[in-house]
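Shared between the two complexes below is chain A, which pairs with chain B and chain C, respectively.
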Partner chain A sequence: MATINIVDLQKNYGPVPAVKGINLSVEDGELIVLVGPSGCGKSTLLRMVAGLESVTSGRIEIAGRDVVKAEPAERDIAMVFQNYALYPHMTVRGNLEYGLKNRGTPRAEIDRRVQEAADILEIGPLLDRKPRQLSGGQRQRVAMGRAIVREPAAFLFDEPLSNLDAKLRVQMRVEIRKLQRRLKTTSLYVTHDQLEAMTLADRLVVMNGGLVEQIGTPTDVYDRPATLFVAGFIGSPPMNLVPLSAFSGADFSALPPNTDIVGIRPDALLLERPEGPSVTVEAIAELLEPIGGESHLHVKLTGSNQSVVLSIQGRPHVDEGAALTIFARPADLHPFNSATGRRTDDPATA
Partner chain B sequence: MIENRPFLAFLTHLVLIVGVVIVVFPVYLAFVASTHGSGDFMRGLVPLLPGPHLIENYSFMLNEGISSAGAPPLWIMLLNSLVMAISIAVGKIIISILSAYAIVFFRFPFRMVAFWIIFITLMLPVEVRIIPTFKVVADLGMLNSYPGLIIPLIASATATFLFRQFFLTVPDELMEAARVDGAGAMKFFRDILLPLSRTNIAALFVILFIYGWVQYLWPLLVTTDSRYYTIVMGIKRLAATADSEPQWNFVMAAVMLAMLPPVLVVIFMQRLFVKGLVETEK
Partner chain C sequence: MQAKRTTFPNKFLPYWLLVPQLAVTLIFFIWPAVQALKSSFEREDPFGFKTTFVWFENYRRLLVDPMYVGSLGRTAVFAFSVTALSMSLSLILAVAVNRVLRSNRAYTTLLVWPYAVAPVVVGILWWFMFNPTIGIAPYLLRGMGIAWNHRVDGNQAMIFVVMAASWKQISYNFLFFVAGLQSVPQSQIEAAAIDGAGPFKRFWTIVFPLLAPTTFFLLIVNINYAMFDTFGIIDATTQGGPAQATNILVYKVYTDGFLGLNIGSSSAQSVILMIIVIALTAIQFRYVERRIQY
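So, the complex of A and B:
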C-alpha cells in the first residue's frame, strides 16, 4: 500500500528524448493505466519506476521515499512482464518463491504466502509443474502470482495481456481488475489497447510523444478529451474530427472562439433529426459495415470530401452511393483548435 | 520419410554398413593385435582373429610398460591424460562462460573490442603460437608439471563464442525479473543462467574433453620427465624404438586403452546431453 509520485521525470537515450517531463501522482490503492501508441514512452516510464531504466532527471517517490537511485529489488515493487519472464528451469513454486528466498523470508512465511497466492489465482494444482507445461493463461497467472507473493507496495504491469488470445485476454482483464480491487495494491499498468485501458483504469494517463496528453477517469477522458490526439485515440471507431469549413451553412456562433475543428463521436451522428436544435450536413454513403448489434456507416461529406464514420444501432437500410442528411446535437460537438491541438471550451486550456 | 521403396532401403543400408566397416575395421585390427603374443607379427601375415594374450598384454602395459622405450607404466600416462583433459575441459568452460556472461550482460567500455580480440584468437591455433608460449612456460618454470600442460590450453575462444550466442537468446526480461526479485549479478548467473546452460555445458564438455585428451604436440614439448607423459604422446614413444621391431601387441594395447576414456565420456555425456535437450526450454 503506497502512493507513487512522479515529478518532472525525463529520460533521454543519447540525444533522443523518450520521456519529456512527466508529473503524475498515484493514490494509494489506485489502478492507473498508461496508454498510448507505440513509442510514446509509456513502457520507458514504467521501467523507470521499476528501476530497470536509469532516470535522466526528475524524481520518483514510492511511499514517500525517493527511489531514483535504488535497485529494483529495494523499491518494494513487483512487475509482471509481457512475456511473463518465468524462470524456465524452476517449478511454479520455485518461481513464486525465488524473490522471497532472496530477501531471506523465513520458510514458514514463504509457504504461507505461496499457498495464499496459489489459492487466490487457483494455481494450486500447478505448483510442481515447469512453466513450459503450462498454457499461456496459466503462465500469466503464475507471473501474477510471483508479483502477489512479494506483497509489494506497488504492482507494475507491462502489457501483460498482449501475448494472450482475444478471448483469454478479456477473461484475464476481468481477473486482474477483481484481483486489484481485492488486494487494493497501488498499480501502474501499461497497455496500447484502449479497450483494456478503459475497462481497467481508475484513472487513465494518455501519453503521446513522451508527454502526458490527459489524465482522468475513463469516462472523463471519453466524454471530454482534452486534446485532438486523445479525441482520436480513445474510442472505437475513433471520434470524427471535422474542420468547421466542411459544414456548409451551419451556425457555429455558439462554439467558443478559436474553434476551427470539431470532434463528433460516431454514435452522436444521427440519420434522423433529433428533438431540439441540431447541426445538419449533407453526405454520400460510401460503405456500410454491419458488425452485429450495430453498424458502421462510412460517408463522405458533400463539398469537402471529408470522410466520417457513423455508428448506428441495428442494421439500417442505406444504399451505398445514396445522399444522406446527417444530424448532430450541438451539445455533442467537441470544439478544438487545430493549431494548439487543445479543447477550446475548457477554461484551463482555452 | 514414410516410404516403402525396398531397393532404396537396401542401398542406404549397404552404404551405411560399408561406411561402418571402413571406420571400424582398423579399430578391430588394433584390438586383435593387442591380444596376440609379441612374435605373431614377424611372420608378415596380420592375424584377423583375437589371440590368447589379452589379459597378459594389457596388465603388462598397465603395470610395467615398455621401459626400454623410456615410457612409464600406462596407468601413469592415462592418469596424466585424464588430469589434463578434465582440467582443460572444466577450466575452459569456467573461463569462457564467465567471459561470455561479462560480454553479453554488462555494458563496459571496450566491450566489443574485448569480444573481437577473443574472437580473433579463434584464428590462432596452438601450433602457431607454440614457440612464444613455450618460452613463457619455460621461464615460469612450468615445464614438466600439470600447470604447464594445462594453463596454456585453458582459454577457449570457441567456447566463449558459443556461450555468447546462447546468452544472446536468453530474453532480457529474465534478467530484469531476477533483478526485481532481488538477484544480483552473480546470483542471477548462478540461479538462472547456469541451470539454463546445462545442455551447452554438457555438449562443450564432451568436445573439450576430447580436445584435451588428444593433445599431442604440446605435451611432447613441455614434458621430458616420463612422470608427466600423456597417453597420446606416449604411444608415439612406444612405437619409436631404436634398434628393434616395435612390439605391436603392446603398442596396440596402449592404443585401445587410449581410446577408451573419450568413448566412455561420449557415451555417458550423450545421455545427459539428450536428457537436457528434452527437459529444458528457454
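So, the complex of A and C:
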C-alpha cells in the first residue's frame, strides 16, 4: 500500500530526450494506465520507476521515500514483464519463491504466500512444472504470481498482455482488474492498446513524445480530450478532426474565438436531423463497412474532399456514391486550435 | 525440424558428388587410423626388416610401464588445469565485456586474436617470456623472491605449459561465452534484480545456469584441446621435460614413435588416444547436441 509521486522526471539517451519532464501522483490503491504510441516514453517512465533505467533529472517517491538512487530491489515494487521473464531453469514454485528467498523470508512464510498466490491465480497444479511446459496464459499467471507473493508496495506492468491471443487477452484483462481491486495494490500499467487502457484504468495517462498529454478518468479523457493528439488516439474508430474551412455554410459563431478545427466522434455524426439545433454538412458516401452490431460509413465532405467516418447502429442502406446530409449536435463538437493543439473551450488553457 | 530431401534424377550423381569428401576422409583419416591400429598389434625390428604380429603385447607393456602410467596422470592434471584455467578466465573476461556496451566490439576483437596464433608460435612466445636466462618473467619473479627455472623444476614446467596452452584457448572460450551471455534475456536479469538478487547472486542463480549448455560444450572442447592440440606448445617449450614432467600422452606418442622409433608402442598409444577422443565425442553428441534441458 503506497502512493507513487513522480516530480519533473526527465530521461535523456545521450542528446536524445525520451521523457521530457513528467509529473504524476498515483494515489494509494489506484491503477494508473500509461498509454501512448510506441516511442512515447511510457515504458521508459515505468522502467525508471522500477529502477531499471537511470534518471536524468527529477524525483520518484514511492511511499513518500525518494528512490531515484535506490536499487530496484530496494524499491519494494514488483514488475510483470511483457515476455514474462520467468526463470526457465526453475519450476513454477522456484520462480515464485526466488524473490522471497533472496530477502531471507522464513520457510513457513514462503510456503504460506506461495500457496496463497497459487490459490488466487489457480496455478496450484502447475507448481512443479517448468515454464516451458506452460501455455501463454499460464505463464502470464505465474508472472502475476511472482509479483503477488512479494506483497510489494506497488505493481508495475509492462504491456503484460501483448503476447497473448485476442481472446485470452480479454480474459486476462478482466482477471488483472479483479485481482487489483481485491488486493488494492497501487499499480502502474503500460500499454499501447487503448481498449485495454480504457477498461483497466482508474485514471489514464495519455503520453506522446515524452510528455503527458492528459491525465484523467477514462470517461473524462474520452468525453473531453484535452489535445488534438488525445482526440485522435483514444476511441475507435478515431475521432474525426475536421478543419472549420472544410464545412461550407455551417455557422460556428458559438464556438470559442480561436477555434480552427473541430473534433466529432464517429457516433456523434447522424444521418437524420436531431431535435434541437444542429450543424449540417453535405457529403458523398464512399464506403460502407458493416462490422456486426454497427456499421462504419466513410464519406467525403462536398467541396473540401475531407474524409470523415460515421459510426451507425445497425446496418443502414446507403449506396456508395450517394449524396448525403450529415448532422451533428453543437454540444458534440470538440473545438481545438491547430497551432497549440489544445482545446479552446477549456478555461485552464484557453 | 527435418531438412528438405533432395531427389536426383540420375542414380549415380549423388555418389559422384560424395566422392571428393569420401576420398579425403578415407585417405587422410581412415587409412592412417587403420594403419595405426594394425601396427599397434605388431613389433618391428630396429631396421624394419621383420615385422611380427604380437597381439596385445604392446598394450600390455604400456599399461605396466610406469612411464606411460605417469604420463597418463600428467595428462589428466594438464587437461584439467588447462580446462579450468582457460574456462574460468574466459568466463570472467566475457562477463566483463558483456557489461560494457559501447566498446565491447573492440574488446571482443582484441581478445580473439590469440586464437589466430599457431600453437608453435604460442610456444615460442612463452619460451622467450619465461626463458630462465633471458626471459622477462623469470627476471620479474626473481624480484619477488621466486626462483623460476622450468628447465629444472618439474612443477614449474607444468605450470608454464598450462599457462601457455590456456592463454591460446581463452579466446575460443571467450567467444562462446560472450555469445551465450548475450542470449540470456535481459528481462530475466532485470526480473532477478527486482526480486532482490545482487549482481553476484544474479550471476550464479540466473545467468550461470542458463549458460550450462555453452559451458558443457566448452568443457568437452577444452579437454579435447588440452589432450590433443597442445603438441606444438609442448614441443616449442619444454619438449616433455624436465624428467618427463610435461610429457603428456600426445607428446609421448611422438617421442616414442619418431624419436624412439618404437612404432608398435607409439601406435598402441595413439589407438588409446583415439578411443579417448571417440568417447569424448560420443558424450558431446549425446548430451550437447540434444541440449541440456532446463
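Everything that follows uses one rule, which is that the second predicted complex is superposed on the first by the 350 of 350 C-alpha atoms of A that agree within 3 Å, B and C clash if a C-alpha of one lies under 4 Å from a C-alpha of the other, contacts with A are read in each partner's own complex, and residues count from 1 in each chain.
As a convention for this text, a contact is a pair of C-beta atoms (placed from the backbone, for glycine too) under 8 Å apart; a residue touches a chain by one contact, two chains touch by 3 or more.
Please read these numbers as outputs of a predicted model, since none were measured by experiment.
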Label the relationship between chain B and chain C on chain A in the superposed model as either fit or clash.
clash
With the two structures laid over each other on chain A, which partner does A:Pro88 touch: chain B (first), chain C (second), both, or neither?
both
Pick one for A:Leu52: touches chain B only (first), chain C only (second), both, or neither.
both
May I ask you to decide whether A:Asn102 touches chain B, chain C, both, or neither, giving the answer as first, second, both or neither?
both
Using the superposition on A, tell me which residues of chain A are in contact with chain B and, in the other complex, with chain C.
50-52, 71-73, 77-79, 81-83, 85-89, 98-99, 102-103, 132, 146
Could you pull out which chain C residues touch chain A in their complex?
185, 187-188, 190-198, 201, 205-206, 209-210, 212, 294
Of chain B, residues touching chain A in the complex:
171, 173-174, 176-183, 187, 191-192, 195-196, 280-282
For chain A, which residues are in contact with chain C within the complex?
50-52, 71-73, 77-79, 81-83, 85-89, 98-99, 102-103, 130, 132, 146, 150
Complex contacts: residues of chain A adjacent to chain B
50-52, 71-73, 77-79, 81-83, 85-89, 98-99, 102-103, 132, 146
